[in-house]
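For reference, the structure is listed below as structure tokens.
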Amino acid sequence: MQKILNDPEPFVDEMLEGILLAHPNELRRPSPRAIVRADAPVAGKVAIATGGGSGHLPVFMGYVGRGLIDGAAIGNVFASPSSDDMLEVTRAISAGKGVLYLYGNYGGDRLNFDLAAELAADEGIEVRTILGADDVASAPSGRASSRRGIAGIFFLYKVAGAAAAEGASLSEVVAVTERAAAGTRTMGVALSPCTIPAAGVPTFELPVGQMEIGMGIHGEPGVRRGPLETADQIADELTRAILADLPFARGDEVAVLVNGLGATPKEELYILYRGVARILAAEGLPVHRVWVGEYATSLEMAGASLTLMRLDDDLRRLVDAPAGTPFFVQG
Amino acid sequence: MQKILNDPEPFVDEMLEGILLAHPNELRRPSPRAIVRADAPVAGKVAIATGGGSGHLPVFMGYVGRGLIDGAAIGNVFASPSSDDMLEVTRAISAGKGVLYLYGNYGGDRLNFDLAAELAADEGIEVRTILGADDVASAPSGRASSRRGIAGIFFLYKVAGAAAAEGASLSEVVAVTERAAAGTRTMGVALSPCTIPAAGVPTFELPVGQMEIGMGIHGEPGVRRGPLETADQIADELTRAILADLPFARGDEVAVLVNGLGATPKEELYILYRGVARILAAEGLPVHRVWVGEYATSLEMAGASLTLMRLDDDLRRLVDAPAGTPFFVQG
Amino acid sequence: MTDAGPSAGFVSILGAIANDLLDRKDELNRLDGVAGDGDLGLTMTAAANALLELAPSLESLPEADAIRRCGTEIARKAPSTGGTLIAFALIAAAKAGVAPDVPPLERAAAYLDAAAASVAQRGQVAPGDRTMLDALRPAADAISRAAKAGLDAPTTLADAASAADAGARETASMAAKVGRAGWLADRAAGHEDAGARLVAIAFAAAARR
Amino acid sequence: MTDAGPSAGFVSILGAIANDLLDRKDELNRLDGVAGDGDLGLTMTAAANALLELAPSLESLPEADAIRRCGTEIARKAPSTGGTLIAFALIAAAKAGVAPDVPPLERAAAYLDAAAASVAQRGQVAPGDRTMLDALRPAADAISRAAKAGLDAPTTLADAASAADAGARETASMAAKVGRAGWLADRAAGHEDAGARLVAIAFAAAARR
């Protein structure tokens, strides 16, 4: 296990300690597994909470900041936070305008955050929930609500966070974020497994020369495994699956995210984007803006995902709005 | 070779195509291997050029933009650009206030960029050169000018770019950047090799369970190889070597960069920073600001480097100044 | 069993289960890795350690309170899908309104019935969906039957353990209904569901004690 | 050699060298990887391909112009440390002012002398510093000696090739003075310098032709 760590056991807590030491003016920690904006609660603003397992930085707490979200509950590696952690986050960020829970569609998270929402409601905090469920590889379109949430959550944070920063009400933030979620699709490819520090061995085996299309960000199986293809072939397979699913239509303006899973160099992500851009141009889908880099990772997994979000005027304005956290800045 | 690519041969050119497709409003390409700000030359400003081999994104062209540098010559993976490429960059960015060449201390780059500087001078463009030579592991302090340049170049870009953006003259930019270079030290650790696409096999072997302290960003040998240590032990070894070298003195305020080499997750970088922060606190070195992430990579190499820069009032102001490129934004 | 508090029996079973879970960490990780994220052994290690730490303080509590404390502790310390469902199940068992003077096997039957109902409801699953329920439901049923038939505790627990084990084995030929769908490459075929095996391990530990 | 232009001899040597360099790519990468970045074979592949493409256009040029074109082409297409030093060396050779009517071996001696001086000056190295100069300098000297002694071309080239080979072998026991310093773990001990071996390959190809 070629990792820089002290002990697998306090891995998450030491990471949090490092993050707080590095960014003391931007983040604070109301309880051991809750990270919120240093200036939370932000008066007059709908608050946005998220949470999930560790090992995906900058997901989740990396998006806590200006123009994005207000707080995140932190689980162990690939494991849900507790309902208590989410409740702590909720209390620390609530400014009386309501709280949006925005997180990926995973069993443990849903169980815990639904409970937290109930408990928050008992305290008089209004909570609404939107799930990221963008992974087209994880269920057919007929069962889209059972899909996993992966890198597309970045666009949802961006939209919801910008809407909240503009002063929208909870139901307005919910409405525009649901529209964003309805138009967001992701699919990924894994080229290597990753190792949970406390487990010490890779979650699965993927022989050199093989790839797995559609693999989940915790190593959950994808739609097919086969010989590693070229960047252009991968771009084709990911893009076509996404375009067919919404379906996107000629003329739809899109936001694009090419996301690295951890070990894949930015050089390769741009080669992948080159293939994607050609297909989008040929399909008549204008690209409004592109993000390329590590936005939702799986520790040191090699691979990438592609996300497309269909834009309208509101969504275009909201993805372009400025934002700033210790992990992500947009001017 | 678990890489997302089409063909090793056009690797760099396809990557450049992808970058230009993704960021058409921010970057332009006056010749195939020259990338400059879309708005270059920027009137009234000293221009800053850099260059070097590919495989280190965001080094080099990732720092081309507002508040940073104006252009970069692009070599093949780990190989110098040609003098022609650097001359093209120089011509495209020169706004009549002089050009600073700021790049890492490698033989091929020096030979080619010195020639480019001569040719630019023949065309009436004043060029000054500053080399990044921050890797304390690559030569003893008595021969500091023969050291390799690694991640510390980020601080030099930041300082030089901010000074140029403030309207400083060429000699003022040179003076403050030389002061920054004189106070910047880096040391790294590698946990895995990387593979140049066209070579197809790793540059070196590093058995699981081993690490190499002081390895260069092209896989050049370091100061010692041994069993993989804990994050705190690595933090200790890197920090002590750096502190002893300048030497930094109690009370010196520092900027800190914890840089991932490619495959190492941000989670681990923050655990490493936690160890570094404790030592700096114990040594009485106040940390002004911290950057944690991938700022100078070696393809998919696992590992990290630590850079410290000693600050004064000017340097503090310059590192804090806003900057924005497609790869790096600071608010 | 001198000085035994009202929950001494429960606590002693708890200790046996926790220790067995610690021993089977790698196996649970491996099974969970087949179709999931490979961490069930880690989560159950966290749960087991939390329970072992908690155990001394439980003996003197009324049994339902002891069970509820286990649930809330797992909810805090091991909040994965599996862990949280178990936590909810324990809390549901504690709420089942089982009178302390009911004979032990009947109490156990009532707790387990409430627990299995909770997993089905919270997890929105039925038997055959390839989850922990496929081991829990038959084990609960076996205890109900044995309690009604008036069998002794060792026999009853042995029955429950073999019912759980058989249920876990059967998951190897089931297709998952929750999470991933049938259209995904079914790598899990031939492998037991991790959560079902976990339940079987717990009942085996209880029976062996 | 019908229709041979003024640089036909040079071009034919060039082709032989380029082809051998293409064959030895992996070996050069491997040697460069010991202490450097493992790309000398790639750079020399780029250089060799550029030269092979250029070759047909060179035959009709005056020899010095042909040599200079090789230098500028390598500078453009293979601008690494090794490539650029070779490019500068070729340009220096072209500038050495060798008269076309001087006998071939004397011309070669003069070119090589200028080339070796260029590497030493541009690279700021001396023999013994574990660089390509350690093969180039002895090869150049061997040709000078043979030319003065009036030996024939095959013998002279064979002498130069064995001098370059011996020089490259000796680098295996030299400590690098440029780049990394002696205080670094000397992984290179026992391995030849990649650039020196490259020079030896080139002279062997020239001698074999």
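Going by the order they are written in, the chains are A, B, C and D; count residues from 1 in each one.
As a convention for this text, contacts are C-beta pairs under 8 Å (C-beta built on N, C-alpha and C of every residue); 3 or more make two chains touch, one makes a residue touch a chain.
Keep in mind that this is a model prediction, so the values were computed, not measured.
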item: Least step count from chain A to chain D, where 1 means the two chains touch; value: 2
item: Neighbouring chains common to chain B and chain D, by label; value: none
item: Farthest chain (mean CA position) relative to chain B; value: C
item: Rounded Å distance, chain C centre to chain D centre (Cα mean); value: 75
item: Geometric centre distance via CA averages, chain B-chain A, whole Å; value: 29
item: Centroid distance [mean C-alpha coordinates] between chain C and chain A, Å; value: 32
item: Distance between the centres, which are taken as Cα means, of chain C and chain B, whole angstrom; value: 54
item: Sequence positions of chain D contacting 2 or more other chains; value: none
item: Multi-partner residues of chain B (each touching 2 or more other chains); value: none
item: Graph class of chain-chain contacts, one of line, ring, star, complete, other; value: line
item: Those chain pairs that satisfy the touch definition; value: A-B, A-C, B-D
item: Footprint of chain A on chain C - complex, ascending; value: 29, 33-39, 41-43, 45-46, 75-85, 88, 122-123, 178-181, 183-188
item: Complex contact set, residues of chain B against chain D; value: 75-85, 106-108, 111-112, 137-140, 143, 146, 148, 196, 198-199, 201, 203-204, 214, 216, 218-225
item: Chain B to chain A touching residues, read off their complex; value: 1-7, 11, 14-15, 17-19, 21-23, 54-55, 57-58, 62, 189, 191-192, 208, 211, 228, 230-232, 234, 262-275, 277, 290, 292-294, 297, 299-300, 302-304, 322, 324, 327, 329-331
